[in-house]
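Structures are listed in the sections that come next.
Next come two complexes, and both contain chain A; in the first it sits with chain B, in the second with chain C.
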Partner chain A sequence: MSEGEIIIRAEGLTKVYRRTSGGKGFLGLFRRRTEEVRGLTDAGFEIRRGEVVGLLGPNGAGKSTTVKLLTGILTADGGACGVMGRTPWLERRKIAADIGAVFGQRMQLWWDVPVLDSFRLLRDIYSVPEARWKARLDELTDALELGGILQVPMRQLSLGQRMRAELCGSLLHEPSILFLDEPTIGLDAVSKLRLRDFLRAENRERGTTILLTTHDMADMLALCPRVLVLGRGRLLYDGGLDALLRRYDTEHTLRCVFDGGAEPEGLPPSVGVRREGEAWTLTFAPAEIPVGEVLAKLLAAGPVRELTLKEQDTDRLVARMYADLKLT
Partner chain B sequence: MRYVMHAMRMNLRRAAQYRSSFRMQIAAQIVMTFGDLWAILLLAERFGGMAHWSLYEVMFFFGAMQIAFAVTEMINRGFGHISSLIRMGDLDTMLTRPRGIAAQVILSELDPRRIGSVAVGLTALTVATLKTGLRWTLPDVLLLLWGMTGTVALMMGLFMIEAVVCLFSVQSVEIVNVFTYGGRQTCQYPLDLYPDWLRTTFTYVIPIGLCLQFPVCHILGKPLAGAETGGWVWLGPAAGFVFLGLCSLAWRLGLRHYRSTGS
Partner chain C sequence: MNIRAYRTAFAVHARQVSRYRGAALGGMVTQAFFGVMLVALYEALAGEGDLLRETATYVWLQQIFFRAFFSTGGEIYEQIMSGSVCYSLLRPVDLHLWCVCREMAAKIVGVTMRLLPMILIQFVLPESWRMLPPDSPVAFVRFALSLLTGFLVIAQVNMITAAVTMRTLDNKGFSGLINLVMMILAGNIVPLTLAPERLQAVLRWQPFAQMLDAPIRMWLHAGPAGEWALSFGVQLAWLAGLTVFSRCLWGRGIRRIELQGG
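Take a look at the complex of A and B:
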């Protein structure tokens, strides 16, 4: 990845939601209590042009708040923020022309007209010159396989088709930054894979900067070398996804089948041993006993027919991370 | 401008998708508006006019107000649905686009069915013209159009205030309807039929009187509540735009405090 200039910068970014609720009983109708809920507290980060960055965190962590602040939907209560050097909520219309946004749980195209009509209206909303729009549309129609559905009203499309149409709509004006809030939610496996491929290509070929929130760890692994982890409105981690996962990948699991009923022997008590039928499952922390040592003991115990090292389920790793950060 | 025309065409095409329901609803509009007109006809027949107004002069007020209000409703559907625009996240989407939010809200849903009420209003104006023997001059026509435009601006302002409250509470408030729908009902009759406080309210606070009734009186050549009209009535409808200006400031302020919903 090339080191581009800084395209998004946040410093001490803070958003407070004030929730007013009536008190109890009849008098509560007149007395109001105001409760402050921290949407985002003192978040600071920088994103360079061409990066793909994932926003990770449990529900209510501040991911959507962050995206909404960066897109100018919300006004911050504190801190500074620059998207291409402009403050989003003050110069909303100026940066709008250069960003695209897709919210997975919402429909942004007009639901009762053919998809192509929506795209045409978007052309005029963003004032894209006709020739340029046409070229871009052809390109996206190809890449997202939209050819067959351009004349179909949005409401008749499947979820996967809809999401592809939404993506196309958000990219027609060739934005520098694409914000995606849970783009793969509810999609089947094939649609997810296609979407990931498309996003990777979009980033590689056009250098589009992508900021993505998702609960799907497979999305994260496939797309985001770098993640920002949010919890309770605070930025808790900013760095490589691999490094983060390795930190919580503290337990390895080996599955082993012997020929002729041999049993593992000579393992220290820190290794958990379980038997299911003729298969043995060993769990251990590589920090305490190296994988090689466990393997050696197994090979010494008898003729090994099958041996698999099971990879940790990333969802479990993330759950462990959330627990460690006291987010759950 | 290109965007505005395009969005309007799209609204029409959407309405055309449901052709028969569209026709039925226009018919319903006509029947309902005609019901209001019928009430005037009945009253005036019983009492032979209202105060110093003849039946057909009252019809003139009725027609002007109905048309202005119907046009407002044609462009106000988006603001009327603001709470659902907020809930469904459509307002968020609009905020990510390089266009004014008020324009996007208005263009998100136009209501061409109101053409039915416009038709009834025009009929009332026509009948009133024939029966009173009024001779239209070009300035008269311009004054009436200007007055109706000011009234539309005023009503839009009121509906925007309602929308601003929605931005804070995500719920709509009915109190403003006292002035919007209440204003339409009240001001389809000459204001000097009402007690002083009501007349003052709708003349100067919610200035439908300045926007529409003084111009109408000027065209009819009659005073309103003893006040003779003159060239100054041309200034009246500007009050609607001043009002709208203040309301759009409130709207901007509201957007700055907008909190969005869910994820």
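Take a look at the complex of A and C:
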């Protein structure tokens, strides 16, 4: 899967935001203070054609900054960056045809014209030949279930419909790379699932490279084998999502109800034991004590009526990771 | 350059503006009212005669094309204020030219929608209050060419206002000021033709007179070709100057947004 050529390369990528604000007191009206805020510091990574990579990190970590630098919306203050071999902010128009982008919090299609008109505008902006555009539009309309809303102005659509329309708009010119900045924000469960399926298919069938930021761990798990973790503008981790999660997975939970009043015994002190009415809840790290061992102790204690094993909630896990990396 | 994109931008925005029939009706009522009031006022002040007919024609033409003064506004300007205009940079188009196309679409369609009823009103007015037809067919052709140029001049001023908004991040102050100055210096409130001769020599050549005043003068008088060429030339020169200026301001505003982030 990661056999393709390198399509995005960043080295020492740095962005500093300058915020000006009035100073304190009366004199502050005349003097301006400039405050420097680090958006991204010395980030380096490579992404190959056909990969789906997730950008993970708390708010203000530099995820959107990274996406904006890679799409050429922002100009970097240091470091180098190549998207299909070109520096995005210098050759914005040249890379435009190769990239598509959806920003979950910003609408890019035209607000008060019918969706189809927006798509026509995009066809002409990107000089897509009519036949090709038509074929792609049919395909996307089908996959994203947009059939019923093409004549409706964007502003009258629901959030989920809008997001699907945005996605369609970003893919009409068949870009090699798709940037998604929180594409599932505010979507209901059905819309999220649909969107994930669509993105997976897009990646599999067309080999579209996808770089995605999201706070939704379920999105990450469903889509991104590889993640980049950012915190305070620094790249803290670059590797498999599974490996990352295993590292912080310290809270498997076993919930158990006995027939009769049995009590679990002989468990090591690293296992947390809690009782709520009839139910026992045991918390432990699989790395320290295997699930089987805990289970054996429970079965030995008495007749078990109910037993559920819960993996750690990924949101908690990420919270622990952020805490560990001193990001919160 | 990708002409097709700008053509489609024009067409799509034109269709959009054509849907706002309520706004067109409301505008028309206001403009018809102001037209009647102003003409009545000049009659009361100056009495009937050639001057009144010319002044009435000037007032009516200003009212008919009044819509053209204002920016079409809309989401692009909201985006400028919120900074999210930078997302438009993702698209391989010239944003400035794109916006000018939208402005022109709104002006041309907006004016066209009001045109017929405003002309029909003339037939119910007392004769001395009506507007005169163009001086000659040549005068009309000159007028049409000049009017289109005038619209482009206004569009550039609209773009300058938008560019200033990128800096101030609020469009009310500056656009309120510029609109007031524009209304006065363009001859919408008091016809520039009524100014004293010596003042007119100055007023005629300032940029705001290139909007509607220059075309209206061509409608009223089919003067010698040389005189017309000078007037049209000045219009084109202002258009060129303002275009360069507004593109400059626009480019700087965008660069600021690029550095600052959305």
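Here is the rule we use: the second predicted complex is superposed on the first by the 325 of 328 C-alpha atoms of A that agree within 3 Å, B and C clash if a C-alpha of one lies under 4 Å from a C-alpha of the other, contacts with A are read in each partner's own complex, and residues count from 1 in each chain.
Just so it is clear, a contact is a pair of C-beta atoms (placed from the backbone, for glycine too) under 8 Å apart; a residue touches a chain by one contact, two chains touch by 3 or more.
Nothing here was measured: the structure is a model prediction, and the numbers come from that model.
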Chain C versus chain B on the shared chain A, clash or fit after superposition: clash
Partner chain(s) touched by A:N59 [first = chain B, second = chain C, both, neither]: first
Touching partner for A:D117 - first (chain B), second (chain C), both, neither: both
First, second, both or neither for A:I125, with chain B first and chain C second: both
Which of chain B and chain C A:I99 touches, first, second, both or neither: both
Partner chain in contact with A:T75 - chain B first, chain C second, else both or neither: both
Touched partner set for A:E182, first chain B, second chain C, both or neither: first
Partner chain in contact with A:Q108 - chain B first, chain C second, else both or neither: both
First (chain B), second (chain C), both or neither touched by A:R136: neither
Superposition clash, chain C against chain B - the stretch among 41-49, 77-85 or 131-139 that is involved: 77-85
On chain A, the residue positions that both chain B and chain C contact, one per complex: 17, 68, 71-75, 89, 92-93, 96-97, 99, 101, 103, 106, 108, 110, 112-113, 117, 120-121, 124-127
Partner chain B, residues of chain A touching it in the complex: 17, 59, 63-64, 68, 71-75, 89, 92-94, 96-97, 99, 101, 103, 105-106, 108, 110, 112-113, 117, 120-121, 124-127, 181-182
Chain B - residues contacting chain A, complex: 2-3, 6-7, 10, 13-14, 17, 88-90, 92-93, 95-100, 256-260, 262-263
Parts of chain C lying in touch with chain A, wherever the complex brings them together: 2, 4-5, 7-9, 12-13, 15-16, 74-75, 84, 86-93, 258-262
Complex contact set, residues of chain A against chain C: 17-18, 39, 65, 68, 71-75, 89, 92-93, 96-97, 99, 101, 103, 106, 108, 110-113, 117, 120-121, 123-127
